[in-house]
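Next come two complexes, and both contain subunit A; in the first it sits with subunit B, in the second with subunit C.
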Partner chain A sequence: MAGMEIDTVENLQRKQSTYQSLDETFVIQNETYRGQQYSQIYFARLHMMRTLLYSLVTHWKPHVPVCTVLGLEEGKECIIVGTLYKHMKLKPCILDEYSKERSAVPLVKHHNFMHPDDHLVLEDESGRVKLGGTVLSPSVYVTGVVVALHGKETGAGDFMVLDVLEAGLAPQIEPQLKSREDKYVVFISGVSAGSSSSNPLQFQLLVDHITGHLGDEKEQGIVAEIVHVVIAGNSVEIPLGLLNGQNLASKDQSRLSEPVQELDILLTQIAAGVPVDIMPGSNDPANFSLPQQPLNRWLFPGSRAYNTFRSCTNPHCFELDGVRILGTSGQNIDDLKKYSEGRDGLEFMERTLKWRHLAPTTPNTLGCYPFTDRDPFLIESCPHVYFVGNQDKYGTRILKGSEGQLVRLISIPKFCDTGMVVVLNLRNLECHTLSFETQFSS
Partner chain B sequence: METLGILDEIEVLVSDKVQVVSYKWLSRNFLVSSNAAKRLLQEFVNTRGSGFEVVYTLSGWLKSNPSSYHIRLVSGPKLEEAKQEFNGNCSVQVYSVQACIPKDPAALWNAEFVQAEELFKQSFTVDNCLRDNRFCGIRNSFVKHNVDGPAASIAAPQPKSAEIPVPLKSNSGCQNISALPSKQTKVQQSPNVGPECPNLESSVKSERNGTGVHDLATKQTVDEEKVLLLPAGKKKGQGNRISSGNGGSLSNLWGRASAKSKLSSAQADNDKHIPNPTVSAEAQISACEVREIESSDDEAQGVNFKRASNGDNSRKRMVVFDYSDDEYEDAVNLASPELPKGQSSATLVLEKPHFIKQAEDEPVIKIQSNMTLCDVKKDMAADAAPNSPKRRKVLKTRIDERGREVTEVVWEGEETETNKVEAQDSKKEAANNADTNTANNRAPPIKKSPAAGNGAPSNQGSKPGNKKGGNKDPKQGNILSFFKRV
Partner chain C sequence: MATTPSNMKGFYRLKKNRSGITKPTSSKKSSLHLVRSLGSDITQLTALISHGSPDLKDYHDNHEELMRQFDMNMAYGPCLGMSRLARWERAQRLGLNPPIGFEGLLKAEKPLAVVGCTTAADLNQMLFLT
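And then the complex of A and B:
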């Protein structure tokens, strides 16, 4: 006997949407590591971006000749295309760590490694040249960005920059089927299940809300319009003390697996109701270097049985009802924050889109796989929604491109700190937040 | 009235057992939907609310931040005050009742989570309310839960049709339907009917509109009940199939063990059909245990083995001959030494306090024969030659059941390919390694030092299979190996 009450209220049906994963570029498939260095990924990046920039340069300044770095002549205006390198005084260097052991002076740890003396250098396969002038601000750019520069060589051997051309937003494909009804996507990040600072009741409230347990009928009617959930990284926090390589006592072993199991139970509840994508983050049990490979499905023995559960790469790209959504768990933007300056996370996000590269600081300061023939972080098609997880606060903005592209930028705050998740409406790309509060003063 | 009964029970739980009764806990415990559970709690608060603390959920758009939909928990006394934060109407529902408000809000979550954990840990074949989300207010018929274990693959590009073909892998297609409503066919009502119930799908079909039309919902609810009952039966059948499948191999296991217990009689065991190495390992262990009982009888014999080896060899050779067939046919014979025909286990019992695997016995006998007297060895060789000309003595390193690396000299036969490989390689080494083996065997018997094992890596390098198959026979050194040196 099922013992189920038939409600007097009719049960709502959840809306559906078409999903297409575009993660193939981020999955490490046929790559083999033969001991190669990072020069190949830089070359692939330069090659692809330069082809693109050459085509843009003809429209930008058609009368100025293009040449390579070695082909620079003093005083002659020309355009050079290459990879920027920012020489940073405070950038941590392995030699400093070595000298730390030798010297008595302690090394100062910086949050942001910028220094007024930082300067930029442009490099292509023929050579490098130091950049001068005030047009290009070293605080904005980072190593790894490919740009076209208009200027001329000075007597001192520097290249005086007169103007800079970035690649700009990539072309955007209009979604073929414009949705006429409200359909929502929920973005969560930084759940940190198992962490002492996270409140499991808060996440449980979120799960209950999304799956339609909480709320009255009106609220549940709105919730039935949630078609997808994306969890952008840092979903578990395994106690770091257990990860120092020592053998674990049996009671500690359960402490190691409890956070993941707690997450699995909660994911099971979500997956039973709505499709969910989970991406790895910097604290998750996944590989370190980007692109992070999907979390092993056997970490989630309960949730993996559902066809609605997907373990995805970081970065993650997918299309929902024709709307292209691209995002990361935050490592790319966090690294930019360390090596450059910006107003807020959204500004860094905007820059990455304009540079057409998700993570320009790879592999310099952000770990990535030494690809030999491609750079998977190049943005070939501009997304409609671009999200970044594990940020300090929520932010959103629409970015307009020069060719009519429209991108919704979303900065997802850490759930364990803010209790906030972001809800996106696929119909008009508008965002609002969903926040949960469990502290009741008693 | 049923409701009254439930209300009474809630009262008992809250006051006597001091438990937090949240609506979720209530719904799972009494098998009612969440909405019904909330109503029950509300009724409880209305009729018997005095003396208990109530926690409410408040949800609505915030006044201070109009683009933020806020859901918060608030205790009874603070309800009115909290309502002010909201813009206009906010929905108020009872979240939980308890004897007193805990300091840490997360304590509200504990009872519910313990319940969730229990449901989660139930066998995969059970479809419980955690797994199919049956008590929520929103249905999603496109969710497929594969109860047989491996998940439905989602990598395949989604087909347009929502029909569910039998193979699991295309289940993901159901999740993604084209946007045109005309193409949407609801293939199944219940979210938890897996592909193993195709007949169910054909019988319960209805049009489903993706935008949640309410008038269909009642029909679906009724259908759902019907359907929910059926899959349970189906799944049980499935489960039975699976378990019987396992039972089959298990019965083989015991069958073999009982067969092995008849040691002296010729056993023409035909267990070639069990290729499963784990089963065979278990078979070995069980047979081992059986063997040990009777081999302990032979202990006395073992001590005198040296002297009696000549005569005994032939006798034991005969006995073991039967075993080797049994033992090695069901195991994946990656690296096993071919047992010398007619060797028994006796001597090994002396040194080993642990369970002795069958295979151990035979090679040890061989070692003994190797180590004791040269003439014995010659005899063996002579004997061996006419019986099975392809058998060789070879040095093998393997991992025993305790994970120790064991090096031993074994006879090997010609049954398996790996053995053949072994034979070719070890042919050259056998003579050299006979001596090194004695050195190895003189190493402490309980724990073979890695050096002993490493002493023969060159032999084993070309035979990686040996190490992998090492869960079979740990060959331990033989105390009598001392005597050879001397």
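And then the complex of A and C:
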């Protein structure tokens, strides 16, 4: 009996951290739809990025003149700044439905729409020019990226690119009070409660671990250092097969809401012990286009009683003890994977940071709200941690910027497939994974 | 436009050979250096002066011309789907230096000028004088 103390004298206190939400730019509150088209958001993006690039160009190549696309002269070396457009042969086009050559349309869906014949075009308000040369690789860039190009116009009317300047990492603000003790943030994504492939016991195991119901004192001591939990999208899988155009029977109606109820039960347990942020993902009951608005609090009648429960936008940006953390539920990187080539998810993440835009393919191939006066996905201040959810596998790397910026890139794997969550130490930005298994190998 | 209400006709009164976008000329007659022409550095008021003297009796038409010049100016971005005041404010916020007197003009005008915006039909009329 001496080995097992049920009523311990000391109560383990969970560590605390200061939290500040920076989601105002992603919340759609004052916007009204007046029939505007996406040209407005492209204009805002071009203008903001161009102002920035013009200031960088003076240090990059000070002796080369800057001009607009319409002001190009043949043979004269100059720098132009504009939005890239990638002409892709295999990109699905609505007009294909009306094309007379039905046989030319492939029946197999592509995972990646790249083709060797893809070419890039640079566009600004005055015009567009086709880009040539080998410096700019169409497999790396996507439509919507704003860059500065040094080159000259050829006789054929193309712009031969000699060099390219991306905006690079944004300036980073050092956290004022660097914590000297270990504090951990847990990142989960792709829980998919209610799906046939998810194991509810696995998520329950995770919840029990985070709330300190598992393990001995030493284990609980480690868990008490977890100060925040972030759920990065795809937390539920609604059984859409029930929706067949007919009126739903009442028993089907309750089946439709079961996944969310299941999630709420587990979230309540987490929220009772640790601050939790939940972000919507592509499968969650939130709006489709980015920035996704916070999941309605009434979906979680149990968890909303706690002030530790926060429903957040996607993308989500917040500061914990001064450490700036920015991330999405994965739609931005998944779209880049379809329209460009990269080694792994981390490479796409690095590109978005260097392009200073979270989702450059919006609104071209990724749904986006037609903002008129701003582009909320522009990264003004470089985060210390950049995470992306719902990826196929775990990955992490430190990215170093040209001005001493340090970013921890985290690719969060889907929990329903891998049983893995990512744990980040706020003190030194180190990452490790926690795996939960319920299979017993014999 | 058969469906245009009758008060709209008076609002957008069209007169040929006076309105429309003309290439900037070198003459700087007007003291109202309010409007920038398309992509040009010369700040001048071309449309009003093109036929000789500004028609100040037609107060409404006068200001409407100014506003259309503002709409057509590429430097301030696309004009469709945005109220003129919102577009002016956006230009101000992005540091594009829109003409300062304009804000007063927009607010003094009928509410339509502030809330309404250039539609695609208006653009058609402006560009092709139909």
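Following the convention adopted for this analysis, the second predicted complex is superposed on the first by the 420 of 442 C-alpha atoms of A that agree within 3 Å, B and C clash if a C-alpha of one lies under 4 Å from a C-alpha of the other, contacts with A are read in each partner's own complex, and residues count from 1 in each chain.
Just so we're on the same page, a residue touches a chain if its C-beta (ideal position, glycine included) is under 8 Å from a C-beta of that chain, and two chains touch if they have at least 3 such contacts.
Owing to the predicted nature of the structure, the values given are computational and were not obtained by experimental measurement.
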First (subunit B), second (subunit C), both or neither touched by A:372: second
Touching partner for A:126 - first (subunit B), second (subunit C), both, neither: second
Partner chain in contact with A:380 - subunit B first, subunit C second, else both or neither: neither
Partner chain(s) touched by A:273 [first = subunit B, second = subunit C, both, neither]: first
Subunit B versus subunit C as contact partner of A:48, first or second or both or neither: second
Comparison of subunit B and subunit C by subunit A residues contacted: B
Partner chain in contact with A:223 - subunit B first, subunit C second, else both or neither: first
Which superposed partner A:39 touches (first subunit B, second subunit C, both, neither): second
Partner chain in contact with A:13 - subunit B first, subunit C second, else both or neither: first
Contacting residues of subunit A [partner subunit C, same complex]: 34-37, 39-40, 43-44, 47-48, 51, 70, 125-126, 370, 372-373
Residue ranges of subunit B in contact with subunit A within the complex: 23-24, 27, 30-36, 55, 57, 59, 62, 65, 67-75, 78, 91, 93, 101, 103, 105-106, 108-109, 112-113, 116-117, 120, 124, 130-147, 149, 151-152, 154-155, 157-158, 171-172, 174-179, 191, 208-218, 220-222, 225, 228-229
Contact footprint of subunit A on subunit C as seen in their complex: 39, 74-75, 77-78, 80-83, 86, 89-90, 93-96, 117
Interface residues, subunit A side, partner subunit B - complex: 2-7, 9-21, 177, 179, 181, 199-201, 204-205, 208-209, 211-221, 223-224, 262, 264-265, 268-269, 271-275, 297, 302, 304-310, 321, 420, 423, 431-442
